[in-house]
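I've put the structures underneath this note.
One chain, subunit A, appears in both complexes that follow, with subunit B as partner in the first and subunit C in the second.
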Partner chain A sequence: MMIRDVKDMVKMYKLLIRFSIRSRMQYRFNFWTGSFIAAFIAFMEFALLAVILSRFGTIQGWSIAESAYLYSVLTLSKSIYRTFASDVHHLEQYLVSGNLDGLLLRPLPVLLVLMTQNVSIRFGELLLGFGMLAYSLGILAGKGQIELWSAIPLTLLISLNGALLLFGIALATAATGFWLTRISMLQNLTEDATHTAIRYPLTIFPGWLKGVLTIGLPVAFVNYMPALYIVRGEAGPWILALSAAASAAVVGAGALLWRTGMSRYQSTGS
Partner chain B sequence: MLFYALARASYSRNLQYRASHLLHNIASALFGFIYLSIWTGIGEGRDLGVYGLAGLVSYVALNQCLLWITAFSSFGLGIPALVRTGAIATELARPVHLFYNMMSREWGNLWYQALYKSFPIYMLYVLLIPLRFPSSLTNAAVFIAAVLGAAYLSICIQYLIGAVSLWTTESHWLHWLNHAMFTLFSGFLIPVEWLPGWLGAFSRWSVYPCLQYIPARIYLGMDGASALLPSLFWCAFLTVACLAVTRLMRFRTEVQGG
Partner chain C sequence: MIEASHLYKTFRVRAPKQPNGGIRSFLRLDSIDKEAVRDVSFSINKGEFTGFIGPNGAGKSTTIKMLSGILHPTSGEVRLGGINPHRKRKEAARSLGVLFGQRSQLWWDLPLKDSFEVLGAMYRMEERQRHKRVAELNDLLHLGEFLDTPVRKLSLGQRMRGDLAAALLHEPSILILDEPTIGLDASAKRDIRSLLRSINKELGTTIMLTTHDMDDIEQLCSRVIVITEGSLHYDGPLEGLRSKIGMPALIEVTYRTLEQAEKAWTHVQSSSSADGKQLQERTITVECSLEQYRFMDILRELEAFGELEDARMREADFDEAVHLLYPDLKQIKA
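After this line comes the complex of A and B, so read on.
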């Protein structure tokens, strides 16, 4: 592919994203209500963890500030991934209705077109994520456990890396839809259940579940593993490199599965 | 009997997807294991009050089984979809009350979910965890009454959410809001008496503990039949609310499609 082709593609991608955001903003009230409620839901989920921590102090040695750190990195990563790839998660609707056929006609790779559909910046969840992060880093810096000048940029980097990793898992799961069509059950396992698990320190889980979350579906590299270096100082900087490698491997596997699936795609809609 | 016919139709429709739903149970059971791991991790070497570690494990495991009866009823009982297509006009014109009609269908759905989702997960937990059995037959009977009340309350809540879709296209957010409130205030993961300050007070005065906390405590033998009183009050209150909302729906109906 020529450099000029890539430039054209990026230009087209930006244009489609702008159209997508503009179309969402036609219903401003709906947009802001949705953003507020999404943030409220995320907050209530964190409140559950906070209540447990406030009663028992720590979870296997992880304080409320450290747990908030895990939660905020997950929230930020998930918000970024869902902002830019919301409809990768919703591929099943396209497969069942046959609407994917329409996307095949666009002058861009199908995945890229899919990623321009329903782009919506998740203000509420981002605000909540940054709020919890500020709270967590503030307390940890106050105790002298971290240095803010290094912790802030590293946290932003691992959040982006986490978004990539979550995207990779979502892509691989969505790609199975080319064979299975219905994927919501699988998403329940690979996305919902794993995201719920990594709100908590990995040490509380039994060995088999730790293995699943570290090797099978390596979501532990979204927040827990990097936090061992940034917040706890229990691992070296190599763990950040390992987290980046995990993301690259997962995205690579997802892309491969997607490409294979696309070559077998048969329209199911009417 | 109309109730039986509608419930049975809904139950039979669900039967078509039995295999897929049984697979879904794996995900649900896994969620339960995650929650159990949390409490096992926290509870080791700590005082967990009247529950104790074994009691709390049973409490959380049972709540995970109950979700399919008390929390996962259909979004708005299908009313938002009816509003979207315009079919709500036909439903309102039928010679049967809309609430009775929708409720009957949902009972069939919940009965299916109890048999093919809650029960298999319950048996899995009994074998693997192990989840305790009720201490006596009376205890079991009161527990079943509590679960039936919780299922009815869940139906009423979803009916009210569905009714809102006549006036806004955003009723799905109410559904998620209800789900978020349920997560914290129903006692599903953490017993209500452990919620601090105003959170605990809000929960106790809300309908949510009737959905999980009260049935689970009855099952564990911690409460008796008198614990059903709040559920009875909420059943009566929400029934009146559902009937009142139906009157409003009949007064002026706007549909999105048709």
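After this line comes the complex of A and C, so read on.
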């Protein structure tokens, strides 16, 4: 019964995504320029980091290739999360306009429908992420720091896990909208600022901020912690299990908050 | 089919303590509890066609949203065909079709037929079953001409027909319509009404609609529920509401001469059937209850004072009339 339900949901999810993309494709120009610009911005941000790195050589002992690893895992995680759950990030619009009403009328989980609205496949960012990953792993393998046959599949899993974690944080943040309605500033903090922070090795931050990024909003488990095992060899494989546990905890908290929030939904006047 | 028992909905509205509180009013926000719906109960039977009316801000939409499972009531319970839409939203949604006249539920950038495809899948319809249903709805609503047009390019009348078809696609046994005729021209209204009548009669669908158009109520509803300031004020047949309000009508007649008009004016001052409202040159305006007197009788009475050049009648607006029924209604702030 449970498995059939899950299968059903996956089928429904695929169908909704297909129609969402068909919708978006009505505006092809916008679709492709949007993808291109997003990739370009992400690339420029990394280029800036690369310039700084090449000036100083390392950040707290992390080489350019190692930093690129952090950056690429983040980019991949983020683009996967945004591709598969795009409008969770935009719940505010639904709350302010009252458009959530329509989603509540369907015999489907609201979150499932929300996740499939306005889907944008982040080709550009995915491409950039994979490009940087190839660059980073190439150099590291050349130095004998990693074994490609294990690093590649593990990194893909790490990116998926990271996507789940970022999704969990986004879900928890969005759910606060049921109380606060306007949440864009909170998102700046929990999503944008944390994403910016984990482009760099965690060691550059003061102790309290390290604590926030590993325990409060555990984004360090998206890339830094797994990288300690994969590229630095400073931690054992147990840290991957810990990262998976962090994702599970965050998604669980997000789901709980979401469910509580849904029952408080106030809609808007008409 | 639709049961509401003791529904209450209280919204917590944040408001500054004093209007000129300065910085303190920024920091210290007091919340006020606003009761949008207060102790609303009713039970609608299978196959009934019910009109749900009341002025803006009376709690209509809030009640409709509670009935359809969108809003959780502060207290009280809703049952749709025996299922509580707040405990089992997804299950209740299967037997429920909802249309918000002000807000389309269709996929805005896609052709109507794509919306049907998605909705069919959402409600787990077989493809063949869906095609059959779309064909049926097409016969009733004449969707064929714009089935392939993106929804954003449809006219309001077409869009409303499309939305109605979408709400009916999964053959719901309950249909809730929030202002289904809003903004439509006379012919589009007529189409929508005849469709609603036929699905109610032929399929036995239980329908509840809100409207500000008295004609919707008159032509469709066997039962009327009036809500004002969050509470029920009337629940029963339309005739009963009419007699309660009296449905005042204004009749305006113009005489050939001033003398005739003045004579008639003196008469209506003491007449029991028509109440004189205004005398302006050769025209007099009288108010009367069409429940008690026929329009023709009033005209004959007035014609006794001379030949009429012109006669007009205006029925009081229904919302206005509802306000007349409850004169102590305070103006509700938006």
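Everything below uses one rule, namely that the second predicted complex is superposed on the first by the 259 of 270 C-alpha atoms of A that agree within 3 Å, B and C clash if a C-alpha of one lies under 4 Å from a C-alpha of the other, contacts with A are read in each partner's own complex, and residues count from 1 in each chain.
What we mean here is this: a residue touches a chain if its C-beta (ideal position, glycine included) is under 8 Å from a C-beta of that chain, and two chains touch if they have at least 3 such contacts.
Keep in mind that this is a model prediction, so the values were computed, not measured.
Q: Determine, for the superposed arrangement built on subunit A, whether subunit B and subunit C clash or fit.
A: Partners fit side by side after overlay.
Q: Tell me which partner A:99 touches in the superposition: subunit B (first), subunit C (second), both or neither.
A: The second partner, subunit C, only.
Q: Which of the two partners, first being subunit B and second being subunit C, lies in contact with A:55: first, second, both, or neither?
A: first
Q: Can A:12 be said to touch subunit B (first), subunit C (second), both, or neither?
A: second
Q: Please indicate which partner A:260 is in contact with in the superposed arrangement: first for subunit B, second for subunit C, both, or neither.
A: The answer is neither, since A:260 touches no partner chain.
Q: Regarding the shared-chain residue A:26, is it in contact with subunit B (first), subunit C (second), both, or neither?
A: Touch status of A:26: second partner only.
Q: Specify the partner with more touching residues on subunit A, choosing between subunit B and subunit C.
A: Here the partner covering more residues of subunit A is B.
Q: Touch check for A:108: first (subunit B), second (subunit C), both, or neither?
A: In the superposition, A:108 contacts subunit C only.
Q: Thinking of the overlay built on chain A, is A:150 touched by subunit B (first), by subunit C (second), by both, or by neither?
A: neither
Q: Let me test your reading of the model: by the given contact rule, A:209 touches which partner, first (subunit B), second (subunit C), both or neither?
A: In the superposed model, A:209 contacts subunit B only, not subunit C.
Q: In the superposition on the shared chain, how near does any CA atom of subunit B get to one of subunit C? Answer in angstrom.
A: 6
Q: Spell out the residues on subunit B that touch subunit A in their complex, using ranges where they run on.
A: So the residues of subunit B in touch with subunit A come to 20, 23-24, 26-28, 30-31, 33-34, 37-38, 40-42, 46, 169-170, 173, 176-177, 179-181, 183-184, 189-190, 194-196, 199.
Q: Considering only the defined contacts, which subunit C positions touch subunit A in the complex?
A: Of all residues in subunit C, those touching subunit A are 11, 57, 61, 65, 68-72, 86, 89-91, 93-94, 96, 98, 100, 102-103, 105, 107-110, 114, 117-118, 121-123, 150, 178.
Q: Please give the residue numbers of subunit A that touch subunit B in the complex, ascending.
A: 30, 33-34, 37-38, 40-41, 44-45, 47-48, 51-52, 54-56, 59-60, 182, 185, 188-189, 192-193, 196-197, 200-201, 203-206, 209
Q: Once bound in the complex, which stretches of subunit A touch subunit C?
A: Answer in residue numbers: 12, 15-16, 19, 22-24, 26-27, 98-99, 101-102, 104-109, 263-267, 269-270.
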